[in-house]
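Per-chain residue numbering starts at 1, and chain names A, B, C and D are given in the order in which the chains are listed.
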């Protein structure tokens, strides 16, 4: 019997897909789940459930450390945001999940992989493009684009027909994706962009009103752009992020509400919680302000925009991402130091910045004279800096009309 | 007697400069002050003071409306920030003040203009480059770069010698620049980037802890990217900004603390309050997310970075700024609509977004089928979108090593 | 009977499509052909042929002037090239042809448009995206993606079956697309990128060896970036381009041979002749060097890359193209003047440049002193310009290892 | 006696400077000359001349290999041009010469370096910024900005006064800079941009009319973007470039005539000969077209513009250049292969392209079906690719007015 590896979550959809792959194609189905920090409840009993639903075998891999260190932190160092706000928590997880599926597929000699992403979203692209890049010969099956099931009711009917256990939990009026970096919410009641998200939706962060009335202080230490310690204590990546999530969530930091442009051509509305990640981005930027020179920072802003697009579009395994990482690596050489943040009811303020490689030179910044800077030089600088505009004014009188108003 | 126009604030520095220009060059000094919303105290008695100090005449112009409509709002529409945080409140004021000086100089037949900006800052560049662009034949005098006065004490001594009234106010341990858009603070105790700014420094915004415990709601309406109404009431630009400053300041919105790269080559630390402006930027971006297509938004991100640089560098009167404005005008054609914001102790959340030109299409965004979108199309899209990576994988096996880890 | 408008060329393919649309869908077929300067032979007898093949009516529109003035010249002013070499002659024609089809479709009340572009090329995208942007409700039929005809032999068989006249001309071992701006060649014997194109393929240009041994001189005059005169004689756009094509072609100017990246995901090889266009691009750039300031030029280089992508991808009717045009319009305000070129066996050299708005200031460029430029200013300029690197060297000793080698 | 290291060429200017440094400052002057391939005549007798003029010691270093391999080839790989035409031959030499001076200065314990660049050009900036980056404590002396000598006549007078040998060669009516990569010409009779350069000025290239009437063929092989062999024969960098210069020069390849924007704020006119370099750029680009994917190529175009600016501005020893090099290194991983060029009277055509890493896939490029590409996919691709424009058209009718014309 040919084999297929299915990205399996234990929910209704992938359970139905699991069975459908057997019925429709006669596949032996290998269930694959990556633990990216979606929470213990999600993974509990997953193996049993998969086998009960008909899987021939089940792989559950704890990839949290890999996720943070090989995917999230490089992205953090790039400064990438999608459309200026989204910290890319779902996007960045997809290539890793797909890589895991491909590894299992190759090991098991499967001829195909399958996923439960719908035909309107970004995730289908991210999964499939990754598979194409890593194992171009593998077949990819995306049931939502081809089967007859059209709704949750159809899926439940299908599940009942095949004795697949249907989760008893009340379905939420939106869909969620969770990992150690973030939770995303979209669809359902969130589809009206004029409607606020309900307060009880948020799982990782308190609201500012419910947060403590005392500020919390946290110092994040980076080495070459990678967070390595909190409050002076070195931590492994998973602990560090869990701790930051707790502090930031408690203090109401990390919510984003965004109308965004999907890769597949339409606008959609997403709401995100990225508590620890928000602190990391904030602190990392502050440290860059201290340690990067102006021209590098400026070019890196353009790199960050492109990097965010690459991650959002699922192009992780592309030559351009690798080349941008080489650029970023070079820029992060001296992004080492400590940023102290004060958190209070959703606000982040900087209470300290320190780096052995700081380019901030107190003597220069003050308005007093020093040996490095002769104020008279500024006159020469301005004369040359302004020369093109002056010449244009002399030769063309470009802005004369401005003087009349 | 030849004439000079001096940008005069009534403070110690420009008072001393006023007299120094007479003593040093034998100039007849015309004092010029622009009311950009720096507050009534700043302007009170300015004329008398200038005349008492030796000015031959005084121009005080209320340019608040011009400032907002011809300088600030175009910048707002561009989305420009400097180094991702600074809303450019000081930078954007400089070309207007310089233009005012030049207009007076031409009217009065002055041969020179003078300003009190120091030789280490950005403002000297902004003033002088603007003068060069508008009236390349005018002489520019920057006393701080040439005279012997080196410190506040030197200035006070000079003032006493010439009976110039020395302000009795206690000098603040930092310097400030204020207009209707913002206040900036820098120098003095702020020069240590590891030191938090003192709470009592802030004049426009409460701290989150001191803000009311009830959220405030404000709806901002834009027409072609320009803010035109609050809570449904049309307002002139000055009233609109004053109102927004009050609401935002009351609710602790609008502080920024930044180590930034000055044009003249060093890093410096600035702290800024831009309460109303922060709301405007936030709301304008949200409206763009709703009304701009993806590719326009993406390119506009690059334009915003460049525009921010242009404003910060004082290149307002440059052909590139004008060409970028033409680009921006075109993008803002449909940036019309209402954004409702909820403010609470420093947090801004979106409680509503609405535009007659919204490109958000609910039918498309839902995960259900519709006539515009056939999910099967996504399969074809992904195949072509992923083709380059697939071909590379087939021909080169680029990422094979990724599968071993 | 429902109607369809077909982009009809009179060749075998679109003749077969014409009939196939009637047979397959029962459509009344309206043949549409745009005269873009593909040459008189192409259009001769087109109407009779279409009617004989079964068209219910035929539209042949001379759009050469529109093509040049509304499509080609804006592109020229943008400086757009695709992948640094291709002057976009086929790409830029597609939105205009599609617009013509849509106009006829709306006038005739047709429900669909059809084209003969294959499923592997860029043109299908350009045609269809334009139709979607202009008339989103129109159905689009692309027979090559759906019918059973797979080869030229299949098409001939089909033609014979329905008595469609098969062109007697010997088929060329590559495919061509021609208009007043260029000819493109691709496919067939050109598919091997290691193989030179045969000399007898080129229709518009002599080879350098066969060109005259005397240089030809031509002076091109631009007004706001638009070419308006040759050798001092004002000319309408069509005459101007025809004349330039002749001069350039005679002197072996305008061939390009390129492996390029198609939008649909693969690399392909194209060979192009754009004789007059090459002169226009060359001359326009020279004039910009004389009349644009440095910062505008630099940003415009990025705009040109994006513009080239937009044209190549068929996104002419997109908000971003329009916004970029607004930018470009502003930059071209002073791109007025005369560029004299000397052509000799494929070489273009500049024998003169002149503009009333030249920013070249002889006094400044010479190495002698003048009142505008004080060489001492350069010292100050360098000190500030180099300050960031100097500070980095002092604080970090970044490049010390460079001194050892 | 304190020491100074002078960049010494043996010409009138640096000879006078040598003596002036002794007279003015009492310096012991160490003459430094780098052999970058400026030709044997330039270096002949240099040591004797320097000592005769008063140098205490002389360093002449053959840096041709270093120049090509550590400076020129990285720039070649970046694709950098300045203002789309200039191959940066003078710019790229400056940081290496300055590095050599600094090395000697440190070795000799000199307190200063000096150069003969004028106060209006770019070279002063390039020299001095490099010195600041490498040895920020060194004093820099630029006599042309400070002394009283204003003209060639002044310099000759000074030389005579101090018995400095004045070169008997007739001075050329323009100035030149030569190295193994190029010759630049500027100033004098070239200052009128409406005037063609005289044919007898060119030293490295024949004119197209004087070139042989038979094409020459040369195959250039690259490894990771670096040229390593000609016509199948491996060559060291210096031989390779000398050979290419000869072939290209003989065949009239490599002249550029440009009005360019100097860093110091004015436009100037430069004429350049870069025969071998032109072939290398051309061939390298072709190889990239074959071996780089589209998105990497596109981003690299932006990198090339920035890289060109960095080199032109003398910012070689800047963190951004290093980070861009890391990006470029990554992109060049597979830029290995052979490009065959045919040269004929100034024309370069490609007669062959070959790479083991070619991404050109013949099966894909043909218009026939294959297993990798299903033409039906194109329909889905277009539908999603065009969706934003279609939605905009439906919701806004943006382009309706286009249909009326």
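One rule holds for everything that comes next: contacts are C-beta pairs under 8 Å (C-beta built on N, C-alpha and C of every residue); 3 or more make two chains touch, one makes a residue touch a chain.
In this text, all values refer to a predicted model and were calculated from it rather than measured experimentally.
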Chain labels contacting subunit C and also subunit D: A, B
Where subunit B and subunit D are represented by their mean Cα positions, the distance between them in whole Å: 39
Gap in Å, rounded to a whole number, between the CA centres of subunit B and subunit A: 31
Overlap residues in subunit A, where contacts from two or more other chains coincide: 261, 264, 266, 293-295, 302, 315, 318-319, 358-359, 361, 364, 373, 376, 378-379, 381, 384-392, 394
Chain contact topology (line, ring, star, complete or other): complete
Touch list for subunit C against partner subunit B, complex: 261, 264-266, 292-293, 295-296, 299, 302, 306, 315, 318-320, 322-331, 384-388, 391
Subunit D contact footprint on subunit B (complex, rising order): 293-295, 334, 357-359, 361, 364, 372-374, 376-381, 383-385, 387-392, 394-396
Residues of subunit C defined as touching subunit D within the complex: 83-84, 99, 102-103, 106, 118-121, 124-125, 128-129, 132-137, 142, 144-146, 150-151, 187, 191-196, 208-209, 213, 215, 252, 255, 257-261, 264, 266-269, 285-286, 289-290, 293-294, 297-298, 301-302, 305, 309, 315, 317-319, 342, 344-347, 349-354, 358-362, 364-369, 373, 375-376, 378-379, 381-382, 385-387, 389-394, 398-399, 402-403
